[in-house]
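Quick notes on the structure that follows.
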Amino acid sequence: MSVAAATDEVATAGLVLGDLATRFGCEVIGDPDARVRRVATLASAGDGDLAFLANPKYRRYLKQTRATAVVLSDDAAGDCPANALIAKDPYVIYARIAQLLYATPALPGERHAGAMCDPSAVISDSARIGPGAVVEANAVIGERARIGPNCVVGHDSHIGDDSVLVASVTVGHGARIGRRVTLHPGAVIGADGFGYARDDAQWVKVPQVGSVIIGDDVDVGAGTTIDRGAVEDTVIEEGVKLDNQIQIGHNVRVGAHTIIAACSGVSGSTVIGKRCLIGGAVGFVGHLNIADDVTITGQTMVNRSITEPGGVYSSALPMDDAVRWRKNSARFRKLDDLTRTVKRLEKRLEDDD
Amino acid sequence: MSVAAATDEVATAGLVLGDLATRFGCEVIGDPDARVRRVATLASAGDGDLAFLANPKYRRYLKQTRATAVVLSDDAAGDCPANALIAKDPYVIYARIAQLLYATPALPGERHAGAMCDPSAVISDSARIGPGAVVEANAVIGERARIGPNCVVGHDSHIGDDSVLVASVTVGHGARIGRRVTLHPGAVIGADGFGYARDDAQWVKVPQVGSVIIGDDVDVGAGTTIDRGAVEDTVIEEGVKLDNQIQIGHNVRVGAHTIIAACSGVSGSTVIGKRCLIGGAVGFVGHLNIADDVTITGQTMVNRSITEPGGVYSSALPMDDAVRWRKNSARFRKLDDLTRTVKRLEKRLEDDD
Amino acid sequence: MSVAAATDEVATAGLVLGDLATRFGCEVIGDPDARVRRVATLASAGDGDLAFLANPKYRRYLKQTRATAVVLSDDAAGDCPANALIAKDPYVIYARIAQLLYATPALPGERHAGAMCDPSAVISDSARIGPGAVVEANAVIGERARIGPNCVVGHDSHIGDDSVLVASVTVGHGARIGRRVTLHPGAVIGADGFGYARDDAQWVKVPQVGSVIIGDDVDVGAGTTIDRGAVEDTVIEEGVKLDNQIQIGHNVRVGAHTIIAACSGVSGSTVIGKRCLIGGAVGFVGHLNIADDVTITGQTMVNRSITEPGGVYSSALPMDDAVRWRKNSARFRKLDDLTRTVKRLEKRLEDDD
């Protein structure tokens, strides 16, 4: 039976709690034969719905939930009026069950009549090429890959098996996209890096002859841009998750399983370690090295390398009432003077002793 | 007579000042039979041009203007060498007259030969579908809607009457776009929200099964991205105006008639009130509640909820000369120490008393 | 012989060092008959490769390089184990040689069967229009211009000779793009500026009837948006280089040869001088005047005009350890109080004298 059929079946028959418990190593409290068909929030869930509790902030919704089942941790089970799936990490188990409930049906390969594929492109029979999609010369499209409507796949590029270009994605020539990668609408992979040599008042373009390599299981958000390398390649390692409207400059390397929130930018030749957590609107200057497992909070300007793994770094000032803000920021303009004054006063008092 | 013809007529015959005054409740000073055909700035206007004065900064251009008519407020009328339309709010009246002068001609419905519409899509006869546009299965396109060149309208989505997808816009499956909405080029509505559960060093994708609801009279700027909800929907209420390159995360709600300037980002599940004024490059962290009528100045990091309506908030430091800046920001790194020193000095002086 | 053939010839035969030295006014040390075919980094270069040394940071790779030739300055020549091209500005000379090695082949004009060009558009025979590209009514496409896959060229717009719209670019109606301009994927030229008049709680759209003028030799990065003017035009002067995801508001003017790094935004009606260097994620408020030759460092909020040419300006705080950061930023919220306290202490000590 195809996954597509299974998914339709899920919509009507649902998944059995006892089966899910076995599959994911959870404990069922309540009716192991109950079935869930959809996900919902604790507050809005009804018959057939699976909800979850991971953030304690939402615990107040638990007692009144009308969900058929809730994924939660052991300590919250006592308050749960519905069937419960007890999990050590409820959010992970919820995610995995939701993946089953909403599995994308595996459709047969197809090339839409409105797709424009160069005859030299090598396109798997199981791939789906949507209307308005362009596949240029010598591009390779892997098994079960989906090239959505109005995407462009540049010449000599390679899209791995089971990868999805959702819609309106542009992949430049020679880029190599791994397996199970998702590129969201408006993403641009492999535009030229920003390289110019200054010749008096003019800028001489430095040809950008590297490419972009994206590892397996990477997700790239809507409107995110990843530039090709100047000479060598820009590299996004496996498992990296990039949110929307992120800018990755040429020759950057983002380490495996690092996650970056929206609107951040990484300047050229900066290397970010593995498993880092990068907040939104963070800016990295170029040519830095960031160690593994580093956390950067939102709106930070990362202006130097970080050699020690695992630290947490910031530089954004928190919001304040505008009037108080104006006063404080005016004082900031004289902070150096203030510091000198304090040092002088301190010295004078010491001298008094 | 069609509006198209009327618009052509405007270009040749112009609009009569007296008629405009009646229609918009203004007073004419000068010739009520004078006609305007175009808009122009005070400085560059000539015969047949309508200009306006709203920002006092530009008043110096008034005395020399060669405009046929100027929209301005009562107190500036004495300096106006041209015909004047006296309005309480000149900018609003100027905007409304300009809308008449530049009304988009109402063209008959048309489906371009290069459009790719799924047979199951329900497309109004009065809608216009441009070249390269893709309309997927079961999408609904309302009366007089315009789907511009190379746009993608996902399956099961709904585009309301009189809405315009200018060009190269992507609307994901199941999104609901209201009436008289404009989506500018490169906008992406309904990409997946950024949701992952951490399972050791790996990220497990949380299916994003909500959608995006956009109310009537919303404008969305070029390159702006609005993600679909994780479980429930992301909602942009009626009359909201979003500038370019804004990022709206999953489950966000933006209240009616709120306006947000370019390059701002709103993280997941944050709720912004009605009639707020949000500057450019503002970042909101997730899960906040912002009251109605709040103003946030540019580049602020909104890191906490705002419960009281109507306040003004900031957090960006103003620019300074780089050398002075460097000194002050170096001192900032020791601001806590400085504060402690001052407290110590203060205490010592108190002890002296 | 066509340039295309020459380029193929370069790939097999290479360029002769002696010829390059003559052409670019360099000195050869080593074998003037040696040939280079590709570029590479000092560290990875091999036979047939040209490398360069401009950043002293990479000098440690020079002694071991296996490049056939290295472009470098006189003072580094002694350490070079390969043939050397001695240049006063090695990066400029490297850029010019790389342009020869990677010259885009001049292909004959072509209109892809999947292009959708309005019959009234005036398209040079030597222009290339790619699959899925849309050229609207009365647009003019210059000699040897390339309109890549899935681009949209709006009605009445003008694309100059030798300009390239790489792919998925949107140019709005009436825009004028100069010669030798490159627009990278996802760029949007000529979307409406963000202009609304407030009428009580509602926003009245101000028609944006100006256009966008882009000078010769301008590069526009991926996802960058340049809005049309409200009444007059938005202008990008010749030789400007814009990185990715930059936002240029209506009526802005960017002076010739100014360069702006990624993720910056310029609000409406701001005028930036010539030859300015603008860092990444810089935000300009509206209606400013910035003098020529000004440098703005990354993440600065430019909140006032700069009248004197040539200065350097900043406003971003550098990153710090998050714990120390939190302490200092909490103190910042009371910086005005602290300053007052210090003034009081100072006065009291003066009184003691």
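Letters A, B and C mark the chains in the order given here, with residues in each chain numbered from 1 onward.
Operating definition for what follows: contacts are C-beta pairs under 8 Å (C-beta built on N, C-alpha and C of every residue); 3 or more make two chains touch, one makes a residue touch a chain.
Quick caveat: nothing in here was measured; it's all calculated off a predicted structure.
Colleague: What's the rotation angle, in degrees and to the nearest 5, for a C-alpha fit of chain A onto chain C?
Modeller: Copies differ by a rotation of 120 degrees.
Colleague: Same residues or different residues where chain B meets chain C? The copies count as same if more than half of the interface numbers are shared.
Modeller: Counting which numbers both chains contribute, under half are shared, so the two copies meet through different residues.
Colleague: Just the number, please: Cα centre separation of chain B and chain C in whole Å.
Modeller: For chain B versus chain C, the centre distance works out to 26 Å.
Colleague: By the touch rule stated above, which residues of chain C touch at least two different other chains?
Modeller: 132, 150, 168, 186, 223, 245, 263, 281, 316-318, 320, 332, 334-335, 338, 342, 345, 349
Colleague: Chain B touches which residues of chain C in the complex?
Modeller: Per the stated touch rule, the residues are 116, 132, 134, 136, 150, 152, 154, 168, 170, 172, 186, 188, 191-192, 194-199, 201-207, 209, 223, 225, 227, 231-232, 245, 247, 249, 263, 265, 267, 281, 283, 285, 287, 295-297, 300-304, 311-318, 320, 324, 327-328, 330-332, 334-335, 338, 341-342, 345, 348-349.
Colleague: Name, in rising order, each residue of chain C that touches chain A in their complex.
Modeller: Chain C reaches chain A through residues 38-41, 44, 57, 89, 91-92, 94-96, 98-99, 101-102, 112, 114, 130-132, 148-150, 166-168, 182, 184-186, 219, 221-223, 239, 241, 243-245, 257, 259, 261-263, 274-275, 280-281, 298-299, 316-323, 325-326, 329, 332-336, 338-339, 342, 345-346, 349.
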